[in-house]
Amino acid sequence: MTVLITGYEPFGEHEKNPTAMIAERLDGETIAGEQVVGRVLPVAFDVAGEQLRAYLSEYTPSVAIACGLAAGRSAVSVERIGVNVNDAVTTPDNAGNDPVNEQIAVGGPAAYLSTLPIETVVTELLDASIPAYVSNTAGTHLCNNALYTLGSAIEDGGYNTKFGFLHLPLTTKMAAENAHETAVRGASAEPSLPLELQQRAVESAIKTAVTSTV
Amino acid sequence: MTVLITGYEPFGEHEKNPTAMIAERLDGETIAGEQVVGRVLPVAFDVAGEQLRAYLSEYTPSVAIACGLAAGRSAVSVERIGVNVNDAVTTPDNAGNDPVNEQIAVGGPAAYLSTLPIETVVTELLDASIPAYVSNTAGTHLCNNALYTLGSAIEDGGYNTKFGFLHLPLTTKMAAENAHETAVRGASAEPSLPLELQQRAVESAIKTAVTSTV
Amino acid sequence: MTVLITGYEPFGEHEKNPTAMIAERLDGETIAGEQVVGRVLPVAFDVAGEQLRAYLSEYTPSVAIACGLAAGRSAVSVERIGVNVNDAVTTPDNAGNDPVNEQIAVGGPAAYLSTLPIETVVTELLDASIPAYVSNTAGTHLCNNALYTLGSAIEDGGYNTKFGFLHLPLTTKMAAENAHETAVRGASAEPSLPLELQQRAVESAIKTAVTSTV
Amino acid sequence: MTVLITGYEPFGEHEKNPTAMIAERLDGETIAGEQVVGRVLPVAFDVAGEQLRAYLSEYTPSVAIACGLAAGRSAVSVERIGVNVNDAVTTPDNAGNDPVNEQIAVGGPAAYLSTLPIETVVTELLDASIPAYVSNTAGTHLCNNALYTLGSAIEDGGYNTKFGFLHLPLTTKMAAENAHETAVRGASAEPSLPLELQQRAVESAIKTAVTSTV
């Protein structure tokens, strides 16, 4: 069986995206006996969902976890729910799309709940000394879009895939780079976690999802 | 020549204090050609300052950097200034002292500015991919007390010691432990940096201070 | 026709609840030609939803807006979605119930989207100089419970009722009272809006909902 | 005797400044038996301090309170200390000056402590249901500059003037206006207090300062 892990390409003001780096690093690895397929999605409302649906169809994974960057958050966020809304808020996507309060699936369900054992995922992360929590909102940008799309595509395809979404903070390296102009003048650097710890978080979430019987 | 590094013992709700661990680890090390003396101060308004003065008198270090824990902050804070105020705010010290808006030195100067090259310290930390910034307030608890006391004691003793203060965030391990009860229920874990990165931050600050000609 | 407005009784550390005061003040008033029924719900997971369902059945209102207190928020929050989760996080309800990640409706939909014109509600509030925004999470406590329950009950009853939820900040008076012990010692008072402005916000939301043709 | 109250002209992205409006409104009023002189300072590092010194010289007030806008803060901040630093951080002044970690007074004292009875000022504000607190940092922009300059000028002139600084939040109107583009898309409006309440805060601080015997 396979596990699908996706990250996103860089977007907005960020030159890198830890979720792309982690998806690439984990691609081809074996975790908890499952083959990991790691893929990087474009930051574009009109094609990211299609690619995600295509990967599900191609690999019919037992577990699918999409990952995205959440600058400003201080811990790994295990998202509870994806809602039927596309809104780019202050950051148009890389193709210039800037949806305002649109539906992802017109007439579709209001939301999909992650079918990962989100509490166990968080508890295992904390037990491994990785700061983490259950988050009640993935926002309305492409990250939420991915979580909703997973739920919708898995329902449509009748797949038996556990799915969820992890928001990852800035890496310590990115937080340091971003702070170069203002930190010497009194503005705090943003919260962060090291890339290695973030990668271990994704690996831990895969293990918990694969081995969970819930 | 020697460099004095101090940390604090655990206090309040915290079972550990990264600054004590780092002071103990660095004690006896040689950094930038200087011998490091690492000491752990008690969290007690009436004796911490006396001990700090005694260490300055005993070692007459070329550089003295006191360190303290700042739960909630997301980066290494290089403090600019210590003010002539003792106030325990919401956390009485370990001896039960709970001063309200008292002066540290009755009739003393309003404040002492750190004589570390604080901007260079921050720039070197950022260059080493460690999130850091110049902070304009060390609060009014024992951390501020240490910074003010360093300035006062160095002035009184006529020492030629560069001095400053670093606030360090929770370690990732502490942030994870603190989150165990509420993170599965939707509350974020607090910002953090790994202990190893924090130790490298203190070592970097020592190097910058020792080698700076400012 | 009637408009149903609900608030909650005080809970947790709060001695008052602005939403109860506003529900009581608006009870019997006429707004935009509709009769307002204002009711105060108990802060108890096992009975609040039942009472809300009973009020819907009794009054079959054209508009139903539940209101709750969100200490820490700085503006009127017009909630987008209620999710199928009961979790008291750090504050058990007034009856001592402390649910952990339970479903509100076992086997029910993941969520209900508010059917208020939430963007227009926010725009009208801003035009009236009242700070407001669309919120993507009502949390998992009784406030979210009320929003989900409205969606569920209206669907079950086949009512033609527009429904939504407003989170209101602390009043300026409450923020000042709460700050008495720590504000003189350096801790900021929490964000707030005056009760009169909060009441005008609820009145404005009623008007927008009643007159909207969406 | 007279009381000097200063505000600042608008700056940065703000089209208005509540402190200018309040200084203009209070100019010529009598509070606690004292004549209020209200003046608006330019947001320019090189002239604001000179004007402040000139006003002190011209009016030799018994009390001088400078006021400035602190967008993002949620309560009236009674500042404890002004430090000997000019740094514009991310917002150059209206004349384009962008100082980086410069001294206000070369070779001057590290800081001046406000001589207002800051704890009593805060307590009186809270008793009047106005959210307020003692702040330990006025930043390093013109607001801090004003507080330091007051201390320096009063010392230089040998005046018997009690002095201090109040940071005021955004008005509710400004917070609502600033939120127009992003609030409908999920971003919270900033914290605020109504202009009338801010004005009452300044009046209360004047009364406390004038009548205090400390």
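For clarity, chains are labelled A, B, C and D in written order, and residue numbers in each chain start from 1.
Throughout what follows, a residue touches a chain if its C-beta (ideal position, glycine included) is under 8 Å from a C-beta of that chain, and two chains touch if they have at least 3 such contacts.
Model, not experiment: these values are computed from the prediction.
The most distant chain from chain B, with centres taken as the mean of CA atoms, is C. In this structure chain A contacts its sequence twin chain B using mostly the same residue numbers, the overlap exceeding half. In this assembly, the C-alpha centroid of chain A lies 44 Å from the C-alpha centroid of chain D. Chain geometry summary: the mean Cα position of chain C and that of chain D are 36 Å apart. Listed for chain A are residues 80, 101, 119, 134, 136, 139-140, 182, 184-187, each touching two or more other chains. Here chain C touches chain A in the complex through residues 80-81, 83-85, 101, 109-113, 119, 134, 136-137, 139-140, going by the rule given at the top. Remark: chain C residues 73-75, 77, 80, 118-119, 122-123, 125-126, 128-136, 172-173, 175-177, 179-180, 182-194, 197 touch chain D in the complex.
Touching chain C in their complex are the following residues of chain B: 87-90, 100-101, 139-140, 182, 184-187.
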